[in-house]
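After this come two complexes, each holding subunit A, first together with subunit B and then together with subunit C.
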Partner chain A sequence: MVEFLSLPLSVLIFPGGLFALGLGLLIKGLDRKVAARLQRRVGPPLLQPFFDLIKLAGKDSLIPAEGHAGLFRWVPLAGPAAMALAAAMIPIAGVYRPSAGLGDLLVLFYLLAVPAVVLMLAGAASGSPFGAIGFSREMTMMIAYELPILLVLLSVAVAVGMAQGGAIALSLSDIVAYQQVHGPFIADPRMWPALLCFLFFLPATLGAMPFDSPEAETEILEGPLLDYSGPLLGVFKMMSALKLVVVLGLGITFFFPNGPDGILGLGVFAVKCAVLAILSVTVVRVSTGRMRIDQAFRFFLKLPLALGTTSLVIVLSGI
Partner chain B sequence: MSLISRSFLSRIAARSPWLYRINAGSCNGCDVELATTAFLPRYDIERLGCQYCGSPKHADILLITGVLTARVKDKVLALYEEVPDPKVTVAIGVCPISGGVFRESYAVAGPFENYIPIDVNIPGCPPRPQAIIEGLQKAIVLWADRI
Partner chain C sequence: MSVSILVAWFGAILLSVGAALFALYMRKVIFFFAFPIAAEFAFLLVGGGTLWAVPLIGEHSGLGTALSLSGLVFFLAGQILALRSGTLSRMLACGILAGMGEIVAVLGIATPTAIIGGGMQFLTLAMAQGLMFLGIGAAFFRLGRHRIDAWKGIGKMMPVTGLCLAIGALSIMGLPPFAGFFSKFMLIHACVAAGQWPIAALLLIGSLIAVLSYGRILRILFFEPYKGPAVAEAPLPILLAMEGLAVLVLGLGLFPNPIVDLVRPITDWAGATAGLPAVIPALAVSWPPSVQLALVGGLASFLIGRRHGELAGWVAFAFMLGAFAAVLGEGGRGDGLSFWFALLAAGMGALNLLYSVGYMRRGHAHGRYYLMFLTAIGGVLGLTAADNLVGFLLFWEIIGGWALYFLALHEETAEARREGGKYFLFSISGASVLFLGVAVLGSGSGGFAFADLARAAPDMPMPLLASGLVLMLAGFVMKMALPPLRVDYQMHPAAMPTPVAGFLSSVLLKCAPYGVLKISALMGGALLLDRLGGPGGIATPMYVLAVLAALTILYAGAKALVETGIKRLLTYATVCQLGYIMLGLSLGSALGVAGGLMHLVNHMLLKDILYLAVGVILAQIHVSDLDQLGGLGRRMPWTMGMMLFAGLSIAGLPPLNGFVSKWLIFQACLQSGHYLLGLAAMMGSLFTLAAILKLAYATFMGQPGPGLADIREAPASMLVPMGLLTAGGILVGLFPGLVLTPVAEIQQALGLEVVAASLAGPLPGPGGWSNLTLTVLMALFAVPVWLYTRLRDSRRKSRRIHLCGNDSYDLRQAQVKTGRLYDAPSAFIRSVLPSSPTGQEGAPHG
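This part shows the complex of A and B:
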């Protein structure tokens, strides 16, 4: 196991930055391919997201006349930066252990909110009414899914913390280490409601089909992204690819981090990411329609909230 | 070195043409054909890397259907300006080419080529999906030369 890589290296190259970007784009390509096959189409090549990104780098970037040019141009860069940092905080069992200096679970939780904030600011800065609608919907979705995911996070942290004799374990490395000794949480019935709640959270935070109303291209023309073009749009694509890896990696850390050492462990991690993405994003998005924003909001305040609470109560009561 | 890598990158970029549809006063026939071409498994154009986008600012290839009516003329020309360079325009159906059955109407502003350069014409009323895909492939070849 590589105990510590130097901080800039882990944020920029592995496992943040370049590695996470490559993995994220590959999973996005797999997602499009599998979605096409589920609809009995041929589908794009596996490397299509890479082609898209290279294409966008060579296009013009238009700045809208009625928008705020400075904010419009610089705010997208905060997205990939925050996500590369977050990707460096995700441990990969047997391969990579983030250094304690990067921060704990709470820092990661706040970093996860950055892409939504970036989309909101971008939508506001573009000066277009569709961007403003996207802004308000993004904010509504964020309020809806933050509470259930916080409950999932607490369930896992408290379960590990109580087993260690303390109250709450906020270090991701501790969570991984606990499951390597005591078996993964996916096999622990106490955590099944939390796992289900996490599966609802995934498409919401990634803006996938049943919960994609902030960026609905058929009704508000991709909302905040409407006015972006060329390299700046590419920055948003990079942000969503990195976020995909961070959120999938977080799920794997919480529920099933076990894996072999070395390069094989890396492969197992990538396969787990791909399987989780296909089950919770691809299959769901090809088989459902889009929820209205008020329906999605109410949905998250019912079932996922109840599931998250159930897990937390069971864990706290120590059964 | 820069020359080689540039042609390599543009060959890669040519595999990702994003499409934007403008209905400039069509009877909806060509639009239905376009939707069919894109979404039916039989004529899946996503295998060429194509993708419909909601915003003209994301687009590379502009698909125009319908006669240019006097009422939407300014808006269509404004939309054309919104598509970032390099771009390719494709006229789909006989209407944007000549006006079709509407050509002498007082409500029609005239053939598209009087206003914006059209790169590929796909005649038909409506054109068959195979013809649309062939036209798209020609447009992609043109587009690859421009990036």
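This part shows the complex of A and C:
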């Protein structure tokens, strides 16, 4: 009975659902504030993303006449749902251990593809040429960053797996448990290429500069999101916030999950998310310009791919 | 030797000569005829007489070798000359030369089996060629011309003559279910059993050349428009003679033992002379009720189809339902794998036939279509019911053979003819490789029954076992068109009618993984592994297969990404998914086989939905390129919804059913340490996703293309099959145990490792999760999100999209062309992969 109750609660409230949403919106607010300060502006209040959501709920939803209304209205709902589920799969050391019945690293990885697909279908469904271009660019970015992140994923999982005597460890809890005993991977020089590759992956998957071609404001007017307004746009903001937490949580799980137990551990986790976000997203986005989509694609085929391959080779050779 | 035998032999000779002479009363050809015929008979008499005069039986002597070599020379020369002939009668004359050469080549081996083979071939060839001569004579009698090209479409004007000519041609090509198949089988068996593999290989190559020539005749006879004067059917005496011979050829194809019995006394006599027993393999093929129902249904719809096209479709569907029930009834016999495969094939066949009723409303030649379709389905049912290698081979040749060739040519366009010809050749080549493998294994086991094979496998000498296995695997792989044995997209002709293409992709191509699984299980499964040895705990041939499969996934996925032709995109996607199935199966572990089999079922359901959805459009308008479509989503919401479901599922998006089977395959690769294979599989998912989204975008979204104003949603007869398949997909996604429980039973029956699966439990493997749980949880969170969108009861208003104030903009012009959709990846892929021969993969437009 507890099992049946705890799973929905973990998706709806903690650590998925409301907790992840709140944390994500908070980090987004922090990101905007820090970015503003770095650019010598004042910036919006920390809680601005919350206010945005509330405001959007009251606006009218405008459905484009040229698009496909059904897809337009219903496709966005899948995004936050998938991300809330994914957030429930992220372990927090000493605080939360996800149930094995939710799935392993592979399931999480493919759930991460759902928001991108939602964005693409939304772009196509709006009937707008900007949406179509956003669709095309989003897919290109996905193809670009998928292979490097797969290599990082394999490196970490195989490293833990080999140390445990098997071939691969795909359970996130196992990866965390291993690092609690042997020290976080961030302190292990073998894993630094993987870490660096992951730092490239973060802004790409979150659609932040310099890899934000799919939602370029100045070129394609935000692409797929252009014709969304009102609560439906709010749904996308939720999806974005939840995805932020999932991806940050994934990074923390891979490289530095260690932390104290209890509420303090929760606070440490939140701080770690914030720090990782600021370092890899905020600082990068205020200091770079946007890469063209073909430049971004070719970039990922060079450095991040090389880093990922190096990391896998190092792990497999058992150095 | 008894008088009756002598009479029968000479009677056969006289019949052929008589037919030839009749044909001779066309002017001018007498020189082309008389000389070759005279030469061949002289040769035969000399060869045969020498054999009897000199006690050669059982020894492979220099004279025998000389005979075989000269026979081969005549055989190959005859086939090549036939291919290059311009006139039908000259072609047949060269065909006689080739036939005699073939017989003498085998007689030179001088074993009792060789004599039976030679004798059978002589009789069947005589009948078939007599048939063809009579047919040509009749047509010539009516038409007065004899260049092949002038006879285009004559089969439509003189249907009975055409049919008889077709039967004759198919028998000469050695295709079942005609008599020529068994005589060819006996010939190849004789060669291989005596260790004369090169002769067998050359015979098969020669018959491929024959396939080219006779295939061309069939194409010209039936699939070209007829432009001549209206002529009557053949004169009655010729007609009766032809029909009699045709019935004989077909009947002996179904029940070959009378021919064997006819030739046996000679063999016994020869064997007695040399002191060798004559070992004749049993040519027993079982035709279970399900197959009979399918074939009878085909004939029924053919006859009805001449006048009532739609009724023929309903009749075909009804017979297929009957066959499905028959398969259910046969459940106890045979192993689980065959039972489930047959059930799925019959079910998919029934659904596609139902769909065809609506699809063919604007079609033509309904009777022919349903006959060929039901034959193909019957072939699959027979394949699963076979209990010996002869039956297996027979049904395999039916599946990939003339039925599909005629279906490929159905549309009767120049493109269809070209593509269909290539498909036929490639298919028969694959079947020929399989033929050789079957002969090798059969000779090694001392018999062709599966029981013999299973019994003999542990002790069979390694070279024999390995080469037989490799040949059979190669034959299977050629059917699936895995690289490098692939001839690009020619294995899946795009011009086929869509329901057939869907059935081909979903069921027929799965016969190859079915074959691989069945043969490796028969030959000992795990024991085979130990004997063959290989890396990472799997046998070397299987490891090679796994690597090939991984390469296929990447290659086909990449090609699908850049492709802009509608059917070709689906073809590449199919090949990609077949790679997944083969990867799972060749890993051999419990998880791998379970994943492969589950993906087989998932792909069957999902790919068929994709084809049928596309078919809804193609039934109403003829388009071949994605750029010609667009904006159809609002007019066919159901079709679009089901297609999106199927597409996203096959691309492996959780929590849909396609992801579940792919997860099993990923786990199987990674858990067994084959990281690179797993990596390839995971990247392939992404390529498939890209291709599917491109297909969905170009078809349903954006602005309507030109000429699409009249497209409507599909009629109920087409929506129901798609809906049933979608429901199946959803059900399998929520309860994977529905598929995994039978899979576990199959694994147990085949002696493989069993996967732990229960009807409602979590997935097998470490870290097993439950898809039902995931789906429910996702839906759970979607509810509050949806409530959020209805919080302040905000209204929904329809409005134009934002175009920066440029409201008179032509949106159709702004539509991103399909070829430019993935510009950067496409450029990269094109720089890495060789381009396809027609160069039609969406090269950047101006």
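Rule of thumb we're sticking to: the second predicted complex is superposed on the first by the 314 of 319 C-alpha atoms of A that agree within 3 Å, B and C clash if a C-alpha of one lies under 4 Å from a C-alpha of the other, contacts with A are read in each partner's own complex, and residues count from 1 in each chain.
The working rule: a contact is a pair of C-beta atoms (placed from the backbone, for glycine too) under 8 Å apart; a residue touches a chain by one contact, two chains touch by 3 or more.
Since the model is a prediction, treat every value here as computed from it, not as a measurement.
Participant: May I ask you to decide whether A:Q39 touches subunit B, subunit C, both, or neither, giving the answer as first, second, both or neither?
Facilitator: Touch status of A:Q39: first partner only.
Participant: For A:L221, decide between first (touching subunit B), second (touching subunit C), both and neither.
Facilitator: In the superposition, A:L221 contacts both subunit B and subunit C.
Participant: Thinking of the overlay built on chain A, is A:F51 touched by subunit B (first), by subunit C (second), by both, or by neither?
Facilitator: After superposing on A, A:F51 lies in contact with subunit B but is clear of subunit C.
Participant: Going by the touch definition up top, name the partner, subunit B or subunit C, that contacts more of subunit A.
Facilitator: In the superposed model, C touches more residues of subunit A.
Participant: Identify the partner contact of A:S61: answer first if only subunit B is touched, second if only subunit C is, both if each is, neither if none is.
Facilitator: both
Participant: First (subunit B), second (subunit C), both or neither: which does A:I186 touch?
Facilitator: neither
Participant: Quick check for you: in the superposed arrangement, does A:V313 touch first (subunit B), second (subunit C), both or neither?
Facilitator: neither
Participant: Per the contact definition in the header, classify A:V286: touching subunit B only (first), subunit C only (second), both, or neither.
Facilitator: In the superposition, A:V286 contacts neither subunit B nor subunit C.
Participant: When the two structures are overlaid on chain A, which partner does A:A78 contact: first (subunit B), second (subunit C), both, or neither?
Facilitator: second
Participant: With the two structures laid over each other on chain A, which partner does A:L30 touch: subunit B (first), subunit C (second), both, or neither?
Facilitator: neither
Participant: Using the superposition on A, tell me which residues of subunit A are in contact with subunit B and, in the other complex, with subunit C.
Facilitator: Comparing the two interfaces on subunit A, one with subunit B and one with subunit C, the shared residues are 58-62, 221, 226-227, 230.
Participant: Give every residue of subunit B touching subunit A within the complex, in rising order.
Facilitator: 9-10, 12-16, 18, 41, 44, 46-47, 49, 51, 53-55, 57-58, 60, 82, 84-86, 147
Participant: Could you please specify the touching residues of subunit C with respect to subunit A in the complex?
Facilitator: Within the complex, subunit C contacts subunit A at residues 633-634, 637, 640, 644, 648, 652-654, 659, 663, 666-667, 670-673, 675, 678-679, 682-683, 685-687, 689-690, 693, 696-697, 700-703, 762, 766-770, 773-774, 777-782, 784-786, 788-792, 794-804, 811, 814-816, 820-825, 827-828.
Participant: Write out the stretch or stretches of subunit A touching subunit C in their complex.
Facilitator: So the residues of subunit A touching subunit C come out as 7-8, 11-12, 16-17, 57-71, 73, 77-78, 80-82, 84-85, 88, 100-104, 106-107, 110-111, 113-114, 117, 120-121, 124-130, 132-133, 135-136, 139-140, 142-144, 146-147, 150-151, 154, 157-158, 166-168, 170-171, 221, 226-227, 230-232, 234-235, 238, 293-294, 297-298, 301, 312, 316.
Participant: Applying the document's contact rule, which stretches of subunit A touch subunit B when the two form their complex?
Facilitator: Spelled out, the residues of subunit A in touch with subunit B are 32, 36, 39-45, 48, 50-52, 54-55, 58-62, 217-218, 221-222, 225-230, 233.
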